[in-house]
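Notes to accompany the following structure.
Letters A, B, C and D mark the chains in the order given here, with residues in each chain numbered from 1 onward.
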Amino acid sequence: MTTSSHWVLTLDCPDRPGIVHAVTGAVAAAQGNITELQQFSSIDTGRFFMRVQVQTGFERSSFEESLAPLAAYLQATWTLDEVGRRRRTLILASKAAHCVNDLLFRQRSGLLPLEVVGVMANHPDLRPLATFYGVDFRDFVVLPETKAAFEADVLRRVEEDDVELVVLARYMQILSPELCRALAGRAINIHHSFLPGFKGANPYRQAHERGVKLIGATAHFVTPDLDEGPIIEQNVTRVDHTLDVHQLVARGQEQETRTLAEAVRLYAERRVFLDGPRTVIFA
Amino acid sequence: MTTSSHWVLTLDCPDRPGIVHAVTGAVAAAQGNITELQQFSSIDTGRFFMRVQVQTGFERSSFEESLAPLAAYLQATWTLDEVGRRRRTLILASKAAHCVNDLLFRQRSGLLPLEVVGVMANHPDLRPLATFYGVDFRDFVVLPETKAAFEADVLRRVEEDDVELVVLARYMQILSPELCRALAGRAINIHHSFLPGFKGANPYRQAHERGVKLIGATAHFVTPDLDEGPIIEQNVTRVDHTLDVHQLVARGQEQETRTLAEAVRLYAERRVFLDGPRTVIFA
Amino acid sequence: MTTSSHWVLTLDCPDRPGIVHAVTGAVAAAQGNITELQQFSSIDTGRFFMRVQVQTGFERSSFEESLAPLAAYLQATWTLDEVGRRRRTLILASKAAHCVNDLLFRQRSGLLPLEVVGVMANHPDLRPLATFYGVDFRDFVVLPETKAAFEADVLRRVEEDDVELVVLARYMQILSPELCRALAGRAINIHHSFLPGFKGANPYRQAHERGVKLIGATAHFVTPDLDEGPIIEQNVTRVDHTLDVHQLVARGQEQETRTLAEAVRLYAERRVFLDGPRTVIFA
Amino acid sequence: MTTSSHWVLTLDCPDRPGIVHAVTGAVAAAQGNITELQQFSSIDTGRFFMRVQVQTGFERSSFEESLAPLAAYLQATWTLDEVGRRRRTLILASKAAHCVNDLLFRQRSGLLPLEVVGVMANHPDLRPLATFYGVDFRDFVVLPETKAAFEADVLRRVEEDDVELVVLARYMQILSPELCRALAGRAINIHHSFLPGFKGANPYRQAHERGVKLIGATAHFVTPDLDEGPIIEQNVTRVDHTLDVHQLVARGQEQETRTLAEAVRLYAERRVFLDGPRTVIFA
């Protein structure tokens, strides 16, 4: 019995000639039809990145078997997934609703291939919103003395629910270096400034004081270095001297929601690769 | 004797499985190293498009020989060119200087891989500018009764000077259907509106009357249907109620220059493909 | 007893010298402090437009009394309102949720000064969303034979609930010329294209067929001429050849929501004036 | 004998109620017709800023006489100038041609109201360009031991030629604190990054290393604190992982030229005010 399926293959390995030919050979051996193909050789790191979408009647196991020897030969990190599969996602939040509302709305509308397994928050405010969207919501008191327990809960949740992506949707606490490392490459934060400008707290206040003419938002991978993780997506919007800090915050929310949503979409569709301190994005 | 060179291969053929594998096989046979690869299968037309940059020590003729049988088998239209080779370009102009100035400046600065063989204009105004950049300039009186002769001159110039691209840099006359067809896929026009809005004459006046909040520019291939050719690039900029037609014209010039320059860059780097009434752009 | 209040005064009259001086004189007579002032003289129509924000300890009636004689002398249409007052708004909708969700979320977050009195829809789908936000929802079967009754209901609702603004949030039916005229200058529609390109039905399909490189959305006042009303706000986003119609629709939703939200904000803050077929926007 | 003229009046003073009324009263006394009016009260500094364009048959001296007592009463800094008068401008440059070419082209085209009195450069490369545009060009060897002499030449030039604006059009040397202070509020620099990100040298290299997704340019007033002066204008453009530092430089040039041109236009039209460390821009 054959069933036609649509697969996305990602691959990341030391660069060398012939990789595209070899990979597309494996695709051809699986009678696959390529619907999308992108590749990049990083001069800075010497690594090669590839993303291929393939339609094939082969079963997953057969396709994997035809790819595995090649991947081993190339010393590649690789994944094979169904196109459009909803990625299991955990959201960390505080009080601010805009990013959480946007992600849950896009999930329900089918605009984002997510299955949000839950929202964990250090405030109860977003419970009604999560409940409306049928998403499990738990709130915690996160104080210095309870932070370690909360983070252990997060990690347990990630493991028990097979979470593939943790989204910090304006979660207003700093994660411990241990948790950052445990979630390396799997946790995306939205920072409310155009990094590297205005790192840290109160970026809109900083932006107002500096008198910038554009404000922005940056979605990046979480790392132990605050606001220094690899950047996935950035956007800006024009502002002027008439806007006070409160108004900058309001204007910035729109950039935060769209920037985070786009970063999550790119990640969920396996279009984001880590290349040292930078990302490769096959948009 | 081997010399390492950097090639760009483009290919356009009926879609079928295995093309990427086959082409990259020919690249591998030429001991080539892929530095850039993009491909697209058009659902609308059933055609496949590919652009590959390859570094190889093979000579051009050897590389061509390894590609020719494959291209024949695929019934492909294909080109093989050196990366960065300056494309032979003829500019048609009238009185407006902004696009011509921008193209010639970018040529000199190395920002555009062009070799402008000349400017042909229906007014003498731009002679000093062309002369400053060392570009041949000829002006013509283009009236109803002399238009056919002028167009014959253009075509002769295209043939004698091996012109690969004709740029209508705010050339304010309509080309005859015959010339449009003779230059099909080789002539780019800049229209001073965001097409399909405001076709024809005086688009800024039309934009003012309609009260739009963004004005734009569109670079497109020239076809016998006025302002209906396949679109290569578009940009817009924000305007408001305070701007009169004269000011819209001034604001629009910046969009015209950057839009035309980007379209010319994409074409010169062989990143533009025709897919029926649309373009495929490997940006 | 004096209470300090923040007022917004708008004024629209035939242009003549001295209006700003006269109006600011009335403000001074009311011991007012100007916090924002914008004015525009339209060359095309000979009309003058002004919006002033004033802080004053005067009561509303006293302030009005000091303004009324001047307004009469200037033959001005004028309004005096509290800054930040939530404008009574009726939403018309169909099945699409994105604009309604965005407007209701922004209302609750205080990002839009609206008091949505209800959602009237020709489908029941958005009932849970409206209910979550505590907004009255009524659905109707709108067929050729029931359309007149539905529109009568809309008008009755507008009158009974003192509705100041009707928002067509992707309401997929055409209003009758009578209703358009009855709501002239009070009804805003979001059209899912960059007008005047792609009027009418299926604009994303039209955009795909034409191969444009930017798609957009336009918020405009409703008039009997379909998609021809005065434009309030427009936005675009970049697209390419890889996106099919379905994907254009998804990308376009973000532009629709932000464009409609911005138009509604401008209207609610009394920043939008009609100047013949165009708008004057004091952003 | 009366001649109708178009004036621009700017005014900057401690904020207090009634300023707009008083100023428009002086305008009315001069039988002036306001064609444009903008004002702003800065909460942060307590200062008031105003720009008015006025058409009047009064002679300059009469108009000034009607304004002077008011300005004195308001303790205002004020200027009265003709709308569209070309401002006397000195350009400092090095080798890079793009900004100088753009400014001189816009001057000639009438897109910028400038009268460039000369280009002073620390390299001879741009002599032909300046000569083509009929602009005096002088090059200097600027070394540590000659820098003071060069800067004295600049200052002498500013004084002797009544220079109103000094533009650092990618002038690659740091001005001494003394010169910065002498030119305070009269010298505009273009920095090739989106400040406050990537201050100092090699911003495109920094941008590449950080992996940002947008690069930009910032036009700001020159102050003794490097790249910390009040920002006038900023723009960004999208980039991705495929671009090396050399390509970022090329892409960034377009942002540099348009950002500097816009800042110079705003300044030349007297739309830029200093409000402590920020600017007020009446765009």
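The rule is simple: a contact is a pair of C-beta atoms (placed from the backbone, for glycine too) under 8 Å apart; a residue touches a chain by one contact, two chains touch by 3 or more.
Protein names from UniProt, one per chain: A, B, C, D = Formyltetrahydrofolate deformylase.
All figures in this text were calculated on a predicted structure; none of them were measured in a lab.
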item: Labels of chains that are neighbours to subunit B and to subunit D; value: A, C
item: Comparison of B-C and A-B by number of C-beta pairs in contact, larger one; value: B-C
item: Where subunit A and subunit B are represented by their mean Cα positions, the distance between them in whole Å; value: 37
item: Cα-centroid distance, subunit B relative to subunit C, in whole angstrom; value: 42
item: Subunit A residues counted as touching two or more neighbouring chains; value: 242
item: Partner subunit D, residues of subunit A touching it in the complex; value: 40, 42-43, 194-198, 209-214, 216, 230-236, 240-242, 244, 275, 277-281, 283
item: Of all residues in subunit C, those that touch subunit D in their complex; value: 17-18, 20-21, 24-25, 27-28, 31-35, 37-39, 41
item: Subunit C contact footprint on subunit A (complex, rising order); value: 36, 97-98, 101, 105, 109, 111, 128, 132, 242, 250, 253-254, 258
